[in-house]
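Order of writing sets the chain letters: A, B, C, D and E. Residues in each chain are counted from 1.
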Amino acid sequence: KAPAGKGKGEESLKLGLIPVEDNFPFFVAEQEGLFAKAGLKVELVPFNSARDRDLALQAKNIDGEAADIVATALLRKGGTPVKIVSLTMGATPSEGRFALVARPGSAVSRPEQLKGATMGISENTIIEYVADRLLQGAGVEPGSVQKVAVPQIPERLQLLLGGRLETALLPDPFATLAEKKGGRVILDDTKINRNLSQVVLIFREETIKEKATAIKKLLQVYAEAAGLVSSQPDKYRELFITRARIPAELKDTYLSPKFSPPQVPGKTEVADVQEWMVAKKLLPAAYSYEELVDPTFVPGGRENK
Amino acid sequence: MRDSRQALSYILSILFLFSLWWLVAVWINNPGLPGPLPALRSLVKVGWPELARHLYISTYRVLGSLALALIIAVPLGLWAGRHPAFDSFLAPLVYLLYPVPKVALLPVAMVLLGIGDATRMLVIFLVIVNQILITTRDAARQIPHQLLLSVASLGAGKISLYRQVILPACLPEIITASRISLGSAISVLFLSETIAGNSGLGYFILDGLFRADYGAMFAGILAMAGMGLVLYILLNFLEYLLCPWQRL
Amino acid sequence: MIRVFNLDYTYYTGGGAVPALVNINLTVPAGQTCVLIGPSGCGKTTLLYLLAGLLQPARGEIWIGEERITKPRQRTAIILQDYGLLPWKTVWENAALGLALRKFTARQQQERLQPLLAGLGLAGLEKRYPAQLSGGQKQRVAIARALSLEPDVLLMDEPFSALDALTRESLQQILVEIQNQRRLTTVLVTHNIEEAVFLGQQIIVLTGAPGQVKAVLANPGAGSGDYRFTSKFHHLCSRVRQLLQE
Amino acid sequence: MRDSRQALSYILSILFLFSLWWLVAVWINNPGLPGPLPALRSLVKVGWPELARHLYISTYRVLGSLALALIIAVPLGLWAGRHPAFDSFLAPLVYLLYPVPKVALLPVAMVLLGIGDATRMLVIFLVIVNQILITTRDAARQIPHQLLLSVASLGAGKISLYRQVILPACLPEIITASRISLGSAISVLFLSETIAGNSGLGYFILDGLFRADYGAMFAGILAMAGMGLVLYILLNFLEYLLCPWQRL
Amino acid sequence: MIRVFNLDYTYYTGGGAVPALVNINLTVPAGQTCVLIGPSGCGKTTLLYLLAGLLQPARGEIWIGEERITKPRQRTAIILQDYGLLPWKTVWENAALGLALRKFTARQQQERLQPLLAGLGLAGLEKRYPAQLSGGQKQRVAIARALSLEPDVLLMDEPFSALDALTRESLQQILVEIQNQRRLTTVLVTHNIEEAVFLGQQIIVLTGAPGQVKAVLANPGAGSGDYRFTSKFHHLCSRVRQLLQE
């Protein structure tokens, strides 16, 4: 079997994406024909869960994907060497909001009251990392809340709104939707001075070797698309609603986020995530920055602390 | 007369179902479960050309994998039912593999078949092939010895015995198995369509769920239930044609 | 010619072994009719199954002509005690099954079967299923199926038991005619002593279970038209009855 | 003799399965699919007290919902099989509800019933109740008329007819249905345990997957397959006890 | 007393209506035996089903004593042509089924059945399943089941057809005795003319399908020990045969 993306010359790439706002510039680039213009043949493969997306990367059905640092380290640990080529979201603290939301009518209104309350998360993922760090930042011991594994976001939202979870950690736009439905935001990662939830673009090492020029072009296209979105959000509103799966109730009010130009994640970020993973026994030992990040494609980012 | 009474029963039953749904919806009063009327309304309003495309793709996947499973499981099941030695070999395979969660097989399927239709149909196939196999085998075991002897005495060879006795004797059970598999196939279809890609009713429903657009979601669910019902009616018709002696 | 040597057969049940036949020896010359008679449960049906190659003997050998029987033989036809009709086939399909298995064309099947069914009083019932027939009608379908094959060995297990006296006698007559035309070797199981004596050139009386041969009676007059009314006939009937009673 | 040959067949079959697994694992060479030996090794090494707890919970959920489904579906199925009027009412319900993706409704069910055992068992129940109902009904339809008349002629009332004829006549098919449902129940169990909550083999397997700890994941999968096999063997034993006449 | 007025019955098949019985009238006084005889397929089994309340007439009425028959009646027993044994019950359970349904204790069942089974030559077969019996043994289980109920009306459809001549005659004798002891009203279907004349105080000859009453013969001597050897017996046999032939 030929590995995915091979065949039609070097210029083709297959990317696994979950259709959420994080990945919106890719959809814009596709719509505007920017890939073709750059002489690239990019196929955006939609996935509905991170689990299936990672399986497909392992199976070499896709060359790369938009993921997070936790997933990157786990893929490498699981025997699929991958590297981050760039951040796509989370370069600044205001990008990519995650919020700990209490259910409508909950008595919990301040972080101190979280002790013993149930909290819907997705275990062993970036979500749990964000949750732990948010709690620690607010001075709450993460072990003192009762974590409930609810891997899929829509289900977490429903259980929260249905009152079966006291609190839940949700990314936007679901956090906004929960708020709109009467949920109360307890903690918010855009309100602290550090972005916990960074989205990264990763590729398998062999793809990086074989298709370095294509990846470079892809990142240029991404930068262009990110610029387009940030400068004229109204033009892409329709596309945003459909491709980023904006909940029906928010489609008139919810604004698309701003996207920074491509840059690699900061060393402290990579180290901090891995420190958490080692403490959780998800990793035996942290990887070095160079093992996880390939800085040859885009300029280094600033530390966003 | 009997036919019209049956049609009435059908309609009554559907009405009953919808009132039940309505009651539950009113009772739990959760946006995740709209009542039947809003759901029907959104079924009407939804982008039909698009829904039809998803419906077509899903139907194709279900029927394709059902056909494949029948082609493979029926002969194996008949054979295992009549040959205990072969069954002793096959049964543990089935019993061990049937409960294995299909995620375990997903990596294999993805490596071998990619993330297209083939993987989806394989996952459906793997579930229902076991169901058809088990039912067919159990039916073949029960064939009265007398009938086999009677046809053997006419000089029938192995193949004729299968064609004239074993297959028709098990046909009603094979149709039962198809009924069950049809339901399972649709359930698994839903799961397999949520893995990757953007086609099929499963995707449509999940998309609705992600958008918290429960109207669209239930339009998809209704379409899926409708697809199931139509396929069931076709299966009943097939039974009518294939098993005339059952109608006496 | 049918020859049976030292035949034993035993059934196995949860409760243990059930010997059904012990040391059976018999010879039926080609073209003759042999009648098996004996108390219910003595193993007549079992013996017929063995002759047909549907069961394998525990001991002993069965030969038909120069062939040792270990599996069903093409030119042997058998009428089973429970008729063996397939519920999913119509009367016509059931009767034509043997011919269809021998790859007769639809036309050839038609040619052979139509007169046969008419002669058995089954005309008009071709499209019924066995569940829609009376007991005697089912039995006649089984007879039609066996006769349609134009066999050279015919094994019959109480083939006329569900038929009225007149139909029974006319079928006996048909059988005698076929036999005279085609040198058909027949083994017939019956409980009817008159039938046994009328049809069997050789009458084998079996003991109660497990079946053994009690007596072999030669009956050269069998099958001739007015044999029924001779004193020899009545004498032999009494003899068979006596043997059964012993 | 026959028993020992059967045992041999069983062992052969399991060996065959493991070699096949090994071949596939070597061939596709994907970390997501370890070979059988590493999997067995980690099954030994894994934290057994914890795995045993998950195993116990899963078994309880499967058996509980299977029992519930049998208690409800068997009487309904027998009744529908013998009463076409009732069947005309029931069949559309079944045919419409069976294809509805239960997993899509899991969140709603969890909102209704909580994240505990009740929801999971309800969803499993909803899937397999249809399977048992359809099989039982189709079997009850096929009971030879003669047998019913024969027992009716002895003066049997409705209830006696069900006890003496209809139920035993369908018992082999009910056992077939249980076999099929057992597999479906385990599949649905897996799904229901992966949607929310921290218990059961499904959770254990998914947890392994999320940690990229494929050893633990496959230990869970082996435990699940083993649970299935043991339950199947129990079912075979039950059949042996309940249907002695089938053994002739 | 059994009374039947203007009875019609029709079967419906895919191919159309099949009239099975047309305008049947008959009366069987209590304690008497009525024999039905007629060509195969003329509707005898159907008539018995109607008398048992297992089928509903298209037209006409059936009365047993003061009760109009529309469903099975507790004290009527029937022996079906295909025996109607349940494959999942042993010989004992099958034979005891009627008693069990009437809530007889295990002990009472034992007391009634054991002598009955022994008398029918079925002792030792209690634990077998029907599939492990010979044809005649199955038939005797059905007879045991019917007789165990000590019915006042007994309907029998060729009950001795699969039995050898001697067993048949001894059962005929048993039947006559039971009848004399208990005023049992009996309707018997048979193809055997001698049996009809020996047992039937009333012999009803039916026409071919659809069945109509062709003749009703009174036969007051029936059932007495040596009736078989009288000239009256032989005369009546010839008469019945003649009627059937017409």
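In this text, a residue touches a chain if its C-beta (ideal position, glycine included) is under 8 Å from a C-beta of that chain, and two chains touch if they have at least 3 such contacts.
Note that the structure is a prediction, hence the values are computed from the model and not measured.
Q: Count the C-beta pairs in contact for every pair of chains, then give the pair with the highest total.
A: Highest contact count belongs to chains B-D.
Q: Which one of the chains is farthest from chain E, going by Cα centres?
A: A
Q: From the mean C-alpha coordinate of chain B to that of chain E, what's the distance rounded to whole Å?
A: Centres of chain B and chain E (C-alpha means) sit 49 Å apart.
Q: Go ahead and note the Å separation of the Cα centroids belonging to chain A and chain C.
A: 83
Q: How many angstrom between the C-alpha centroids of chain D and chain A?
A: 38
Q: I need the residues of chain C touching at least two other chains; which ones are they?
A: Where chain C meets two or more other chains at a single residue, that happens at 13-14, 82, 131-132.
Q: What positions in chain D touch 2 or more of the other chains?
A: If we look for residues of chain D contacting two or more partner chains, we find 30, 32, 107-108, 111-112, 206, 209, 244, 248.
Q: Chain A: which residues touch two or more other chains?
A: Chain A, residues with two or more chain partners: 51, 55, 58-59, 154, 158, 161-162.
Q: Okay, in this complex, where on chain D does chain B touch?
A: Within the complex, chain D contacts chain B at residues 5-6, 9-10, 12-14, 16-17, 24, 28, 30, 32-33, 84-85, 88-93, 95-105, 107-108, 111-112, 127, 130-131, 134-135, 138-139, 141-142, 172-173, 175-176, 179-180, 182-184, 186-187, 190-191, 202, 205-206, 209, 217-218, 221, 224-225, 227-229, 232-233, 246.
Q: In their complex, what parts of chain E are in touch with chain C?
A: Going by the criterion above, the answer is residues 11, 13-15, 37-41, 45, 81-82, 121, 127-128, 132-137, 139-140, 158, 161-168, 191-193, 241, 244-245.
Q: Residues of chain B touching chain C in their complex?
A: 146-147, 149-156, 160, 164-165, 168-169, 171, 243-245, 248
Q: Can you list the chain D residues touching chain A in their complex?
A: The touching residues are 30-32, 106-108, 110-112, 114-115, 194-198, 203, 206-207, 209-212, 214.
Q: Quick one: which bits of chain A touch chain B in the complex? Just the residue numbers, please.
A: Its residues touching chain B are 1, 4, 16, 19, 45-49, 51-53, 55-56, 58-61, 153-154, 157-158, 161-162, 174, 177, 245-249.
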